[in-house]
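Here's the structure, in C-alpha cells; my notes come after.
So that you can tell them apart, the chains are marked A, B, C, D, E and F in the order they are listed, and the count of residues begins at 1 in each.
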Amino acid sequence: MFMHNKKLMYTVPVAEPNPALATLMLEQFGGPQGELAAAMRYFTQGLADEDVGRRDLLMDIATEELSHLEIIGSIVAMLNRGGKGKLAEAAEEEADLYASMTSGGESHTMSILYGGGTALINSAGVPWTAAYIDSIGDPACDLRSNIAAESRAKIVYERLINVTDDAGIKDALTFLMTREVAHQKSFEKALYAIPANFPPGKLPGHPDFADKYYNMSQGEGDASGSWNEGEQWEVVDDREAQAAVDGGAGDASVKLSAADKKTVQAFAARTQSDPSANPITGADLGAGPGAGRTTPMEAPA
Amino acid sequence: MFMHNKKLMYTVPVAEPNPALATLMLEQFGGPQGELAAAMRYFTQGLADEDVGRRDLLMDIATEELSHLEIIGSIVAMLNRGGKGKLAEAAEEEADLYASMTSGGESHTMSILYGGGTALINSAGVPWTAAYIDSIGDPACDLRSNIAAESRAKIVYERLINVTDDAGIKDALTFLMTREVAHQKSFEKALYAIPANFPPGKLPGHPDFADKYYNMSQGEGDASGSWNEGEQWEVVDDREAQAAVDGGAGDASVKLSAADKKTVQAFAARTQSDPSANPITGADLGAGPGAGRTTPMEAPA
Amino acid sequence: MFMHNKKLMYTVPVAEPNPALATLMLEQFGGPQGELAAAMRYFTQGLADEDVGRRDLLMDIATEELSHLEIIGSIVAMLNRGGKGKLAEAAEEEADLYASMTSGGESHTMSILYGGGTALINSAGVPWTAAYIDSIGDPACDLRSNIAAESRAKIVYERLINVTDDAGIKDALTFLMTREVAHQKSFEKALYAIPANFPPGKLPGHPDFADKYYNMSQGEGDASGSWNEGEQWEVVDDREAQAAVDGGAGDASVKLSAADKKTVQAFAARTQSDPSANPITGADLGAGPGAGRTTPMEAPA
Amino acid sequence: MFMHNKKLMYTVPVAEPNPALATLMLEQFGGPQGELAAAMRYFTQGLADEDVGRRDLLMDIATEELSHLEIIGSIVAMLNRGGKGKLAEAAEEEADLYASMTSGGESHTMSILYGGGTALINSAGVPWTAAYIDSIGDPACDLRSNIAAESRAKIVYERLINVTDDAGIKDALTFLMTREVAHQKSFEKALYAIPANFPPGKLPGHPDFADKYYNMSQGEGDASGSWNEGEQWEVVDDREAQAAVDGGAGDASVKLSAADKKTVQAFAARTQSDPSANPITGADLGAGPGAGRTTPMEAPA
Amino acid sequence: MFMHNKKLMYTVPVAEPNPALATLMLEQFGGPQGELAAAMRYFTQGLADEDVGRRDLLMDIATEELSHLEIIGSIVAMLNRGGKGKLAEAAEEEADLYASMTSGGESHTMSILYGGGTALINSAGVPWTAAYIDSIGDPACDLRSNIAAESRAKIVYERLINVTDDAGIKDALTFLMTREVAHQKSFEKALYAIPANFPPGKLPGHPDFADKYYNMSQGEGDASGSWNEGEQWEVVDDREAQAAVDGGAGDASVKLSAADKKTVQAFAARTQSDPSANPITGADLGAGPGAGRTTPMEAPA
Amino acid sequence: MFMHNKKLMYTVPVAEPNPALATLMLEQFGGPQGELAAAMRYFTQGLADEDVGRRDLLMDIATEELSHLEIIGSIVAMLNRGGKGKLAEAAEEEADLYASMTSGGESHTMSILYGGGTALINSAGVPWTAAYIDSIGDPACDLRSNIAAESRAKIVYERLINVTDDAGIKDALTFLMTREVAHQKSFEKALYAIPANFPPGKLPGHPDFADKYYNMSQGEGDASGSWNEGEQWEVVDDREAQAAVDGGAGDASVKLSAADKKTVQAFAARTQSDPSANPITGADLGAGPGAGRTTPMEAPA
C-alpha cells in the first residue's frame, strides 16, 4: 500500500517561471528515461519477483522514484505557474500571449493543450508509453535493464543541470542525479548476488557459435579490441563463411501438404510477374507530353 | 553501405505450416526484444560514436542482427505459407478458413490484415516502435543498455525454444539465442574497456546522497543484502528523515512577478472550491427516484 | 513524498492460476480505464492545482489508486504464478507449454514477452499510454473528466466480476469497484463546490449559437427529448439554414500577398488536373489482356 | 449515410498566412480534445446505442462535429496557404525558406512532412490516436465522458481565441466554442434523462467501503470539504487502518498444484539472490583506476 | 458541411451474433486499411487542394467512405449485440460469460473494455492512429497513395468475404469491396489528368543516378526483368562500384570550429575504449562459481 | 544475409554543424516517408513473396534503402557533432547551451534526450512506428504502395533540398532523391509485369456498383472530369438514391435468440432515457449563483 507525505523528498525553490525550460524538464517527468518509467519498471518487477530480498529492493526504489516524479513534476509546475494564469485569464494581449508560448521547446503544446499543467509527455510532446519499459520477468535480465536505465537517467539529469542556471533547480536536479547513481549501485549488487547470472536463463548456448565473432562490417575502420580478438574469440572474416554457418543450403523451406502446395502455386501463378515483358507503366503515362517516355513506347496489348 | 547475400546466415527448414506458432515467433521479428530493435539500436549508435573501435563493433553486430531478422522472418514466412494461399485463393469453405485463422495467438490479424506476410508487429499485433530503443548518445550508458538488451533477447529465444518441437526451428532459434550470448560478451568487453565508466558522465554525485539507502517500503518482508547494508550504505528508515532530505521545507515555490502573482490569484479565485458548502451534485441528481440521495438534500441555491 | 507499506490495501487470495483470466484483469492494470491511468490522472492534476482543498483531494485519491494498482497487479501475478515457472524451467513438453499459453486472451504474449510478469498493457497487449489521460489544467473540466473516469472504471470492474467465479478475486474486485463509486462522489462534491463551474472558463458563448440544436441526422429515428426540445432550444431542421450559419458565404479564404498569390498559382498550375482529358490510366494498363479496358483506349499522347 | 454540402457551417475569412499559428490550431483538428475525437466519440457510441433518443442525439452531434472539423481544418489550410506554395515551388532562397519554417510551433514538421497540408496531428506533431476516445459502451458512463469532453473542448477553444488577434479566426473559433457549450447541455440532459444513472451499472457497491474516505496524503495542506467531511463520509486517517482494510493479512497468495509449486521453487532457487555475499560488481569494475572502488574489493570467488 | 441521413447507404441484415467474427470486421472499421483511414485521407487532402476538380472528387469519396464506415460499424454492432447485453446484465453464469468472450479473435477486449461497442481498433485491438495516413500535400503523390490504398482495401474486403458465410454480411461486404474498385478507377483518372505527374515535384533527378540499378542482393535467386534490364537500365553488380558512387571517399565529415573540435576531442577522450586491455567484465563476474570465467581472470586494476 | 562496407554509398561532406537543420533531416531517417520505412517495407515483402523476380527486386532495393538510411543518418550525425560534445562536456555556460538547443526545430529533444545521437524519430520527435508500413501481402497492392511511397520520398527530399544551402548536403540529398525516382520506375515495371493486376485479387466487383459515381458532396464547386463523367460512369446525384442503394430498408438488424432478445431488452430498459422529463442537470447546478439556470428549475424529486 502506498502512502503520501505532503512534504516533497527535496525542496524545490524556483527562481522564476520559464515555460520553455519547463518543457526540457519534462524529459524526466514523462520521457523514456524519466521517473515514471523508473517507478513503473521497478514496481511491476517487484509485484512478481519470487525473491524476498529483490522484492523489497524493487519496492523501496520504486517508491523513491515516485517521490522523484513528484519533485521533477513540481519543478515543471513552478516553471509554468506564471504562464498558466496569464492564458487562462487572458491577462495579456493576444500577440503577447502568442509570443510567450512560442518562445521555444514545446511550450506551445503545454500551454494550449495542457494549460500549463504537468502532462506525462516528453520534451517533444510525445505521450509516455509503457513501451519504454523493457522488463521481461527474468531477474538476471531485469536487473541488467535496471542498471542500464539508472545510468541513462543519470546522464539526462546531467544534461539538464548543464543547461540550467537556476540554483534551486540545479540543486534539486543534483539530488535526483545522485540518487540514480546510488540506485545503480544497489542494482549492481543485486545482480551479482545471483551467483550464476550469465548467461541468463537455463539453456546453454551452442558451442559452435558462442565464441565466434563475425566481422560483418569491413573496410577502412575495421578495428580490434578485447571484444573481438584474443584467445576467447574466433573471428570470421570470410564473407562466404559468414553465410549458412550451419553448413546447410542457407535457404528457408517448409513442407507443404499437397493441398497447400496446390493453393500456393495457384496464388503464385495468379500474381506471377512476367520477366520477358517490357510493359508500359504508369510512370510512362505520367511522364508528360514534353518529357519523353521513360521506356521506349510500345502499343498497349 | 549494406550488401545482401541471398543465402541466409542459417538454414531454416520448417516441418509444417502453423500460423498460430508464427505469431509467437513475431516477438523476435517485430517485438520489443526482437532483431529489428537490436539492429537499429546498434546501427544508430554506430553512426554517431566517436570511438573507432566501438563504431566497428556496433556496425558488425548491427549487420549481424539484420541477418538474424531475416532468419526469424523466414521462419514466420514458412509457418504462414500454407494459410496465405488458402485465404487468397479462397481454397476452403468460409467456415474452415475462419476456424483456421482463429486457432490461437494473433493469427486472425496476420491473416486478415497482413495476408500471411511478415509484419513488423509483436505477438499481440502491436506495431514495432522506435520507443523500444533506449540509446541516449553516451557510450557508458548505451553499452549497458546493449548488454541488458542482449540478455533479454537471449531469454525470449529460450522461451520460444521451449514451446516449439519443430526440430528445424529449434535449431535455428538455438543459433540465434547463442549469438545473443556472444554479443553480450562483446558489449561487456567494450564497456569495461572504457577505464572509468562508472558513474557515467562527468558530474560527480552529491556526497550527502550517494550512499544513502532510503527504506521506502516497510513492513513484513523488509530484507537486507549487499544492496542496502554494510559499511557502504547508510540506511534511512525514519519516515520523517526521508522527507525534505535537504533540510528545507519540502515544498515547491516560485518567485512570481507582481503581475503574474495577480493573474495566478485571479485564476485561483475564479476556480476556487468552497469547502464550507455541501452542494447537491450530479451524483445526487442521478441516484434515481428509489435510491435515496447520496447527500442530504438541500434546496439548490 | 510517497511511502510504501508492504501490506496490500486489500487481501488477495486467488484460488488457482489462470493465465487467460490474468490477461482480462490487465485492463485495470495497464488499460485505459485502469488504475495507473487513474493514479496518474489525479497525481498530475494535483501537482499544479492552485486550490488547497482540491490538491489534497487529488493526492489522497491518487495515492489510493496506486494502492489499487498494487492490488490488481497482485491478482495478475498470482494468476500467472504457475505458468511463469513452467515456461522458465521448461517443466513440460513443448506441446503442453504451447497449448497452455495459447488457451485464450493474450496469454501467449504475456508468456513469451513478459515471462508471466505484470506488464503495463491492456487485455489486448497494447502498452499503456499517457494519451489515455485527458487532463487539461482547468479544474472545472478536469473534475468532470475525473467523474467520468471513475464511472467507467466502476463498469469495467463490474464486467470483470461478472466473468470470474474465483471468490477471492471477486471479493477484491468488489472492493475496488466500490471505491470508484466513492471517488466519483468526492469528485462530484469538488466540482459543485466551485460555485460557477458551467460553462467552464471565462469567455461566454455567443448568444446566437448557444441554444441552437442543429438536427444534422434526419430520417426515420429522429427523436426528441429534453436535450433538443422545449423552450430552451431552437431546433434548426432546414438543411440550408444549417450551412454558413453566420450568414456569410460559407467559404474559406485568406488574404495572400502578391508574391504568395503568384507562388500558389504556380503550384496550382503545375499540378492542375485537366478535366477535359480522358487519360489512359494505370488501371487500364493493369486490367489484363482478357479483361477489357476500363476506359475506351486511346493512343497514348 | 453521410452527405456533404460544399458550404462550410461557418465562414472562415483569414487575414493572412501564419504557419506557426496554424500548428496551434491543429490541437482542435488532430489533437486529443479536437473535433475528430469528438465526432468519432459520438458516432461510434451512436452505432451501438439501444435507445432511439440517444442514438439520434449522438448522430446529430457527431455530424455537427464533422462539420466543425471541416471549419478548423479550413482555418489551418488558409494559414498554411502561403508557405505551401513557396516550399513546393522553391520560390525563395533556401535560407529564407528555412527561416520561415522554423519560426515557431511545429511548422517545420508541417512544412517538410506534410507540405502545408492539414494533417491529423496535434500541435506537437503527434498523430491522432483512437486511444483518445474513452467510450466503453455504457450510456451512463459514456454521457459523462461526453460532458467532460465538451467542457475540455470549450477551454481549448478559449485558449486559442486568447492567442489570436485575427478577427475572422476569432469569430469562427467563438462559434465553435459556443457549440461545445450547447453540446454539453444536451449531453447533460440526456444523462439525467436516465432516471437512475448513479452509480452506473447494476452491481451495488460494498457498504463497508462506499462511504469511507482514506486520507492517504497527510501533512501540511491536509484539507476538508464536502468531498471528505460531514455525515456522509467516514474518514480513515490511521495509517494502519488504511492497510488490509478487509481485516485479512494484506498479502497476495495463490493455491498452486504440487507440480506448479515445485516448478516455481526451482525457478526461485535458480534466480535466488544471496543476501550474505558482498559481490564485486560491474560498478566496481567500472569505477576507474583513479576513482576508488565503490565497495571494498575482495578477490573474486 | 456534413449532413446525415438515418438510412444506411447499404442494408445490413446479420444472421446471428458472433463476437469473434466481429473482431475480424474491425479491420475495416478501425484498422489501417479501413474506412476511417480512407475517409480522413481524402477529407484532409480535400481541405487543402488547390484544384477544384480534385477537391470535389476528394470530398465526394471522403463522404462516401464515412458512409461505408457506418455500414461496417453497423455490422460490428449487430455481431456484438447479443454478447453486449449478456455481460452488462450478468445474464449467464460467470464461466459461460468467460467462455464466450474468450472464444477467439480479440473478443475478450471488445467485451471487457468496450462493452461490445464499436471501438476504433483493428482486429488485434490496436487503436487507430493517424500514422496510417500518408498524405504529404503533393497531388501527384497523394493520388498514388490513394490508388494504392483503394487496392489494399479491396483485398482486405475480399479476405473478409472469404471467411464469412453470413449471406447478409457477405452482400454488404461485396458492395463495399466493389466501391473500392470504383474509387481506384476515379483516382487513377485524376492522377493521369495531371499531364506531367512523373516524377512528381519540380526538381529533376541527377542524370548519373536516374537509370542505375544497383544489384545489392546477390546469389542464387538473382533475377532479371523489365525492372532491371534492358536499355533503360545500367546495372551495377560490382560491389566496389556500389560504394561511394560519387567517386569520393565514401566517408562523412563536418567542418568543426576550433572550439567544437576541442570539445569533441574531450568527449572522445573521456569515453575512449582501450583496445589493448582485456578487462574483467560483468559477464565474468556473473558466470557463476561452477561455470568457468569467460575470459582468463586477471587481478582487477 | 546482410554485409556492411564501411564506405558510405555516397560521400557526405557537411559544411558546419546545425542542430536545428539536423532535426529536419530526421524526416528521412525516422519519419514516415524515410529510409527505414522504405527498407523495412521492401524487406518484409521480399521475405514472403512467391515470385523469384520480385523477391530479388525487393531485396535489392531494401538493401539499397538501408544504405541510404546510413547516408541520411550520417548527415544528421555530422550536423549534431558540434552540439553533442558541448553539452556532454558542459563546455559553455548554461545559458549558451540552453539557447543553442532551443534554436529551432526539435533540437531541444535531440540534445537532452538523445545527446545529439541519431534517433529514429521524425522532425517532430515522434518515434518511428511500423504503423507507417502498409504492406498487406498481395503483390498487386504492395507494388502500388511501393510506387506511392517512392513518389512521396522523392518530394520530401525535394523539400529538404529546397531549405538547405550546404552544398555537400544538397548533393547527397540529390542522389537520394534521384534514387527514389529510379526505384519508382522499377516498381512500376514490376507492377505492370503482372499481366492482370487490376482490380487486385480474385473476386470481381458487383456490376451494379462498379461504375457508379455517387456525388456525395454538392454545392458550388461541384466539378467534372474523367473521374466522374463520360460513358464509363453513371453519376448518382439524387440524395435519396444515394441511400440504401441495394433497394432495402437501409437499416441494420440481427436475428437474436429469445434469450439474447430478453437480455438486450433488459439492458435497454435499465439505461433508457426518458424523453418526457426535463431534468435538472449538472450544468444547471454548476451555472453558478449569478448565472441563471440553464433550464427552468424544478424541485428535485
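The rule is simple: a residue touches a chain if its C-beta (ideal position, glycine included) is under 8 Å from a C-beta of that chain, and two chains touch if they have at least 3 such contacts.
Because the structure is predicted, anything quoted here is derived from the model rather than measured.
Separation of subunit A from subunit E in touch steps, taking the shortest path, is 1. Chains that count as touching both subunit A and subunit F, per the definition above, are B, C, D, E.
Because subunit A and subunit C carry the same sequence, their contact can be compared by residue number, and over half of the numbers here are used by both. Inter-chain centre distance (subunit B to subunit D, centres taken as mean C-alpha positions): 21 Å.
Work out the mean CA point of subunit A and of subunit B, and you get 8 Å between them. In subunit E, 1-9, 32-33, 53, 56, 59-60, 62-63, 67, 74, 77, 81, 84, 88-90, 106, 113, 115, 121, 124-127, 129, 131, 136, 138, 140, 147, 155-156, 184-185, 189-195, 198-199, 201-203, 216-217, 221-226, 232, 239, 242-243, 250, 264, 267-268, 270, 273-275, 277-285, 289, 294-295 are the positions where the chain touches two or more neighbouring chains simultaneously. Across the complex, subunit A is touched by residues 5-17, 32-33, 52-53, 55-57, 59-64, 67, 74-75, 77-79, 81-82, 84-86, 88-89, 91, 129, 131-132, 134, 136, 138, 140-141, 144-145, 147-149, 151-152, 154-156, 158, 161, 171, 174-175, 177-179, 181-182, 184-187, 189-190, 193, 198-203, 205-206, 209-217, 221-228, 232, 239, 242-246, 248-257, 259-260, 262-268, 270 of subunit B. Of all residues in subunit E, only 20-21, 23-24, 27, 31-33, 104-106, 122-126, 155-156, 159-160, 162-165, 216-222, 239, 242-243, 250, 264, 267-268, 270-275, 277-284, 294-295 touch subunit B in the complex they form.
Contacts from subunit E toward subunit D in the complex involve residues 1-9, 30, 36, 40, 43-45, 47-48, 56, 59-60, 62-63, 66-67, 69-70, 73-74, 76-77, 80-81, 84, 88-90, 113-121, 127-131, 133, 135-138, 201-203, 279-282, 284-285, 289, 297, 300-301.
On subunit C, the positions that touch subunit F within their shared complex are 140, 191-192, 194-199, 223-226, 230-232, 273-275, 277-279, 282-283, 285-291, 294-296. Subunit F contributes residues 1-7, 50-51, 53-54, 87-88, 90, 93-95, 97-98, 101-102, 106, 108-109, 111-113, 115, 121, 124-127, 138-140, 147, 184-185, 188-195, 202 to its touches with subunit A in the complex.
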